[in-house]
Amino acid sequence: MSLLYLLDLIGTVAFAASGALAGVRREMDLFGVWVLGMVTAIGGGTLRDLLLGDLPPFCLRNEIYLWLPVAVASLVFITHRRLPKIERPLLYLDAIGLGTFVVIGTGKAIAFQTGPLGAVLMGVMTGTAGGVFRDILSNEVPLIMRREIYASACIFGGALLVMLQKLQLPDNLSLPSAAASVIILRLLSINYNWSLPKAN
Amino acid sequence: MSLLYLLDLIGTVAFAASGALAGVRREMDLFGVWVLGMVTAIGGGTLRDLLLGDLPPFCLRNEIYLWLPVAVASLVFITHRRLPKIERPLLYLDAIGLGTFVVIGTGKAIAFQTGPLGAVLMGVMTGTAGGVFRDILSNEVPLIMRREIYASACIFGGALLVMLQKLQLPDNLSLPSAAASVIILRLLSINYNWSLPKAN
Amino acid sequence: MSLLYLLDLIGTVAFAASGALAGVRREMDLFGVWVLGMVTAIGGGTLRDLLLGDLPPFCLRNEIYLWLPVAVASLVFITHRRLPKIERPLLYLDAIGLGTFVVIGTGKAIAFQTGPLGAVLMGVMTGTAGGVFRDILSNEVPLIMRREIYASACIFGGALLVMLQKLQLPDNLSLPSAAASVIILRLLSINYNWSLPKAN
């Protein structure tokens, strides 16, 4: 099992937990919690595969991407009273997932011969669309569009990967560097409460 | 015309009517009522075909799935004052549609070689995503994620079909049995007001 | 560069500006304004290409459809204080975009051999789905389903194109006529405040 695959599974668990938590907070029943967990975890990659025409999407070809969210969401549903304690570690796992998802998405788009902006866009989407679906299903304005620098980290990491691959760096150097840049930016932004400017 | 096709059309009519009613209640104009009727009726199957990569989707290959919702939604728009009387029968037709859509979705996914969880998921999605789109377009938290046992009936029916087909039962036995299980569960849950547990 | 392509780019600019303005009004940060501008401009055509199975969609094959919205949205973000003055011209550009998008969508669906209702539907969707996504991401009931005759102009134009092509009119006659019909209907409806009936 490659490191990237392991990180991908960690990200899937973290995203599923964040989705399931949103469901529990909105007093959804077990099915709603499953749906939010699953959609948050696999929504971004599924939309990417739809747009690249790589069908059926990754989660229908390797069902671990379905079973993990169901298991995690069930666990969150049962144990959520003790979960506040794990919110901080969850943020770190979430950052790992974000970096991994962006790098996988951008890398796949490059392999599918999209242009540079398209590749960055596919990476950002892989990392963020799941959370957008979660917020739409919870009837909220997507968080990412309002408050955090979350997306900038993804854009930076995606653009870095496009550049490194243009420079012909081998995958086993370019992928971890780009993923690390997203993860570090994300953790710094959490720590220092960075945010993007609003129009005024 | 096969029985399954007939039930499919009945379900399409019932789902279109429920979508159109939601539009009328929210004071949408005729176009909005058409959109909600159509999206509710064909949204689930269209999303399934997108994900399975079977494109263009069923509704663009057999236009009866477009004409029926337009006709039904127009009728609801014109006659909705007299419609409260038909809400009860509509619930029964809706249950028939649910069972049929789940079975068609799960069966198609099996034929497309997804794994067992993927097949159940495609069935549940075929039966429920149209209603989710209806609620998103009406700016509401999807009903299915909050209040009803609606989805459990779908999961049960989809899982039953996966199992019966694993046991090599012929289609003309497994499909009706699984559809009937969904329909009966759904009608019982309406009758006895069953609901899933919430996290607490 | 053909006239249709030029009109298409004008429409892309107008739709991106309308999406970006919606983001600025809801106090989104720069990323949110980009997303709304991009989704409004390319959402309809992308959904059309997904449903027709023509993947990757147009905007991943010709990146000008990505760069333009990013540039326009950035400009709106920076200069939006002076933008009220340009709202009226924007409405006219928006009408041009609407007509062009509908005609491109319907024409492409006909080329992909859908039936007549499917072709009209693909045209209407190409012209309107971007705005629907914009409203969903802004957590509002899609405007098009509530207040305006916007969609009727699209339906008329799409149906006209289907008819003209049935009559074997050459593209360089049928496409501009259908586009012009949408644009004129749209401008008249703005001018005279037309609206569709509501159910009552």
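For clarity, chains are labelled A, B and C in written order, and residue numbers in each chain start from 1.
Operating definition for what follows: contacts are C-beta pairs under 8 Å (C-beta built on N, C-alpha and C of every residue); 3 or more make two chains touch, one makes a residue touch a chain.
Quantities reported herein were computed from a predicted structural model and do not represent experimental measurements.
Residue numbers at the chain A-chain C interface: does the shared fraction exceed half, giving same, or fall under half, giving different?
Since fewer than half of the residue numbers are used by both chains, the interface counts as different.
Can you work out the rotation angle that lays chain A over chain B using Cα coordinates, in steps of 5 degrees?
120
Measuring centre to centre with CA averages, how many angstrom lie between chain A and chain C?
Going by mean C-alpha positions, chain A sits 30 Å from chain C.
Mind pulling the chain B residues that touch 2 or more other chains?
Only 50, 53, 136, 139 qualify.
Touching residues of chain B toward chain A in the complex: what are they?
My answer: residues 50-53, 109, 112, 114-118, 121, 132, 136, 139-142, 144-147, 151-152, 155, 195-199.
Residue numbers of chain C touching chain A in their complex, please.
Going through chain C, the ones touching chain A are 23-24, 26-33, 35-36, 46, 50, 53, 55-57, 59-60, 63, 66-67, 70, 77-78, 80, 136-139.
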